[in-house]
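Each of the next two complexes has chain A plus one more chain, namely chain B in the first and chain C in the second.
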Partner chain A sequence: MTSTSATSGTARWTRPWPRLPVLRVIARSVLGAAATVLAASFLIYAALSLTPGDPVDQIVGQRATPEQRAAARAQLGLDEPLPVRYVHWVTDAVQGDLGRSITYRQDVTGLVEPRIATTLTLVALAAVIIVVFGIALGAFGGMSDRWRPVVSAFVGVGLSVPAFVSATVLIGVFAVKLGWFPTFGAGDGFVDRLHHLLLPAIALSLGWTAYVAQMTTAAVREQAGKDHVTTAVGRGLGRGLVFRRHILRNAALPVMTASGLTVAGLVAGSVIVETAFSVDGIGSLLMKSVTNKDYPVVMAISMLIVVIFVVVTTLLDLAQTVLDPRTRTTGGRK
Partner chain B sequence: MTATKTTEAEMRQMAAAPALLDIEHLRIDLPGRGRGDSMRRVIHDVSLSVAPGASVGLVGESGSGKSMTTKAVMGLLPKGAKVSGAVRFRGEDVSTYDRKRWTAYRSHDASMIHQDPRSYTNPLVRMGDFLIESVVATRQMTRDEARDKACALLREVGIADAARRMEQYPHELSGGLLQRMMIVMALMPSPSLVLADEPTTALDPTVQSEVVAILSEQIRERSVGLLFITHDLDLAAAINDSLAVMYAGVIVEKGPSSALVAHPRHPYTAGLLRSRPRLDEVEELRAIPGRPLSAFEAGKGCVFASRCEFATDRCREERPELIEAGGRSVACHRADELSDVLVGGSA
Partner chain C sequence: MTTLALPAGRAARIGRSVRRADPVLLAAATVCSLLVLLAVLGPLLAPYPPSQTDLLAASQGPSAEHLLGTDSLGRDILSRLMNGARLSFMGPGLIVVLSLTLGTGLGIVAAWRGGIVDSALSKVFNVVFALPGILVAIVAGAVFGGGFWAPVLALSLVYTPYVARVVRSAAVTERRMAYVEACELADMPAWRICTHHILRNLLPIVLAQATISFGSALMDFGAASFLGVGIQPPQAEWGLMVSEGQADLLDGAMAQTLSAGLMILISVVAFNTLGERLGSRAGGRR
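So, the complex of A and B:
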């Protein structure tokens, strides 16, 4: 503790460390996250093995003899019961081995790794667009009666247009007609990659931006009507300060949750956009692998999405604890 | 005209001692909740003044427009409110204030203590930051000066471990402690006027008297002008020099506290005095018949006519003006005839 002089007011005022048991909170969230990932992996694994269609068909063809099928099945390890196969998969996955792709005849890690950078760039770009424009639009909509109809019109359009439609329109206008952007591929090098991925990122972020804008508008309006804002205004605080410290800061909690979950869902959302823009990333790989019943790849990518989701929600939980003092007093009351 | 008589009397009073706060024939209409609703009148006619260092109690039931009066003084009326009449601070009409003057007025000249400290404090801001934010943002003090002053004030209102309290968040403090924080908040810029809007209503009865005592002591010590809003006539009489009794958006009676309580001149004041429980005698509590009226429900006559046992046809037809005589003001057609009938209580 840094402030020992509780009685002498003139002593230099230093802020003590937050009193929450930081390590315990973090340990608890990490354990919870790990448990969630494990449970999700079992559910996905089980669900994939229950889906109709046999990956063996992909390898040996429709007209193979039963003997050939059995051999292929044994080679893939599919002759063992589900729990045994699952335990094998988990043991390998923990050691970094995600198995071999059935169609590409290549390690799954080798397939996924080079595509991660592309998809992450796309997702990061979309996330920036969503957070910046979503919150800015929402703040305008929440604070200004004049802007509110404009924002709600955008929200209506943004939420109702599906990503594949906006992708088609964007390609038609900006890539084909105006020729400002390439129509496909992910590009090489950082600048070229941004150039290639900007249009897909816009298509990917449109609906989510509208969603975040709507959440922000609601949160800002709610906070602006609170009594404590009256106090702040009545004390002569400037509009900017009232907005930043007493409206936006309090509205940040729901907005952060909404944006965080949105960003976590972007990897899954990249499936459609990457396919539409022929970007060779995780999303389009997932699409192809599902069609080919390439289960190891589907499993690996699904798990990647799950991990990203869990990491983001865990970080959100921790951020919530940091931002809202009321959630900290779980141990001792008052 | 009786109206001019009142104004002239008030003008003379103003000339004698320039009022700190002077509210003159304030009338407020608020837009209705739904779209297309007509305007609702929340205040018909409020005139009162607070001299420098004096304390005035504004008493009335809920819905009588007390809070709206303070909101008008602080410029916090909801959007679309229509105001006529004048609110003057040191002779200057606040409706002529520009944004800069409003900032100076709210951050330095006048402070407000709200009803429910819990909802009027930001749950995410530490008490220390909350106390100093206005004076620091308006550059009246540096952070360190403000912290020192806050600590000193906290100790004066009986909060011993000031440094620790400043680290806490509102949810970690009890209601009484939080309201004492609000008193400190109001005193931080050394204002010349403090408005207290039912500062003890949200507190436990045991804490109420303590907080009121602290507030009135601090105000007196600093000779700050106080407008104290409450529904508790006894409480108001105990801590204020003078009282104004409000009913349905109209001030019905004004006068020095002790005189007003001892000899009420308006039937409503007399009714209020009669309807409070007494500790020393066992008697039946006589409530005022009927229910309290809101300002917009009042007809053209006296606002209290529908519940008044002395009401005549004239009372129902014509609204009485607030007429001053001998340091007292009353808005009642029959004030003179009733002066011997109405019984007060001991202050």
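So, the complex of A and C:
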């Protein structure tokens, strides 16, 4: 369920432009991405304002007088209709003000900032694992008949293990039984942090590694069956050279798209892994804020996740357009 | 290739029967049926009531009375596993039914009407594609405070565009078929062509999509419960059991987490395999 609009963005146009200048393509994707983020933010904002509980109760308590309640209401800006509040939120958010946390009585930006580094470290670590192992496994699976069943078994299982299951099993085996890794926390300093985050990163990367391996196997096998590869082998080029020059280069585009999509999805997935390992990143902050009904924080982190997702998928879309000129033309020559 | 010597009709028939006897498909279908049976009958067959606590027998290992041991409240893990099958399957099942109904409808409408309707729908879908499923489930949990319906409705909403996209692209091909034109010339109303002909021809694809969606719905629904925005204690559900077992994990008791995790894994593998095989058969028929 991950193949989002990476390709549809460029293939959708039906107008018979012979060639679409790159600048126009970029402008269109950026506008489309901005519209998507705006629409998504309105959806989440409206959903959160539907909530049955009254946020005013949390600030002034149940026994406040109607006047106190009205004052708190006006202070929060809740006396205005939803669209007005939403526009306020957006204009503030664009200027870097994400509102105030109700539970922490602190600016959301100040809460999120120190934690986002932890989350991004976790995501980066997982991304490295995914790209290295996913592509390596996929290349093995695509090139060697002996490895293919092993790789496809790994793919089948890897795609079917939810992150929360792999996380808890890894904690049970490697942190508790064997004691090789700490069971929770994010650690201080570079080496300690790596030590703390390696297990969460493995849990986070398992399913996506399988996905990238699957895509790489398919792309390598497709290229390996093409004429130019047969010609290269016939010319007597070595296996390694044929693989590097002819197969890997042509297989790179789908593999890059698949890897990029995984990185986009990792931030949302890290919510689960951070909760399982009690890593103090934005994911576990999100879950704590959901429990505390701290909606400004929920809103801010949700939007952060959506923005990262949209930015990465848009960049992928653009990278594809720049790297592969064929995707720029539609009706014209191919 | 000995089949070349056979008459074309016979070769095709043999090819079909070989496909029909696909052992992997059979195995996956058997496991899936057993799992569904477990979801239906599990609560009746379980040796203990799922919420019966016995603090004297808390955190025990496997024994004759408790085949998988007990959790920290002394509840029988096997019984909770068998009872949990019902909620663990009912949630994803409902997600699949809702998203499939809505997605198939929207997909066919987009393909049939084309033009503005099609591009408007695809714009709406693009917004939903930007929302990761688990995030929507979390927001729904924040608004409605967890439970059964919040993750079910949230995930149905997220899954709908994926179904709609698959159905739309298949329906666009179907729309161009000669039989559709024939029906139109025969003055058949559009909704009737859609339901009686196009939908019926798309059924294999829809079915394959349903099975694959069930696998990911199972994972996402379990994740919602694990995060505390889905099924709430003391109910039994596999994702929740993984989370409850995490506390015992630190004492080295892995039975609950492992068994619930394994049930999820087996279910997802079985349904994914079934969906993949059904999908390639549906694709092969065209």
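Some notes on this structure:
Going forward, the second predicted complex is superposed on the first by the 272 of 334 C-alpha atoms of A that agree within 3 Å, B and C clash if a C-alpha of one lies under 4 Å from a C-alpha of the other, contacts with A are read in each partner's own complex, and residues count from 1 in each chain.
Basically, a contact is a pair of C-beta atoms (placed from the backbone, for glycine too) under 8 Å apart; a residue touches a chain by one contact, two chains touch by 3 or more.
Keep in mind that what you see is a predicted model, and the values were worked out from it rather than measured.
Once chain A of one complex is fitted onto chain A of the other, the partner contacts of A:Ala276 are limited to chain C, with no touch recorded for chain B. Counting the residues of chain A that each partner touches, chain B and chain C differ, and the larger count belongs to C. Using the contact criterion defined above for the overlaid structures, shared-chain residue A:Leu159 touches chain C, although it does not reach chain B.
By the document's definition of touching, of the two partners only chain C reaches A:Ile171; chain B does not. By the touch criterion defined above, A:Lys226 reaches chain B but does not reach chain C. When the two structures are aligned on the shared chain, A:Thr51 is found in touch with chain C, with no touch to chain B.
By the document's definition of touching, neither partner reaches A:Thr91: not chain B, not chain C.
Put simply, chain A uses residues 5, 8 to touch chain B in one complex and chain C in the other. Touching chain A in their complex are the following residues of chain C: 122, 126-127, 129-135, 138-144, 159, 162, 213, 215-216, 219, 222-223, 226-229, 239, 242-243, 245-246, 249-250, 252, 254, 257-258, 261, 264-265, 268-269, 272-273.
Contact residues of chain A toward chain B in the complex are 3, 5-11, 13, 15-16, 226-228, 230-238, 241, 245-246, 249-250, 323-326, 329, 334.
Touching chain A in their complex are the following residues of chain B: 74, 76, 102-108, 111-112, 114, 116, 119-125, 128, 133-134, 137-138, 144, 147-148, 151-152, 155, 160-164, 166-167, 169, 171-172, 185.
Considering their complex, residues 1, 4-5, 8, 12, 32, 36-37, 39-40, 43-44, 47-48, 50-52, 156-157, 159-165, 168-169, 171-173, 176-177, 183, 265, 268-269, 271-272, 275-276, 286-287, 289-291, 293, 295, 298, 302, 305-306, 309-310, 313 of chain A touch chain C.
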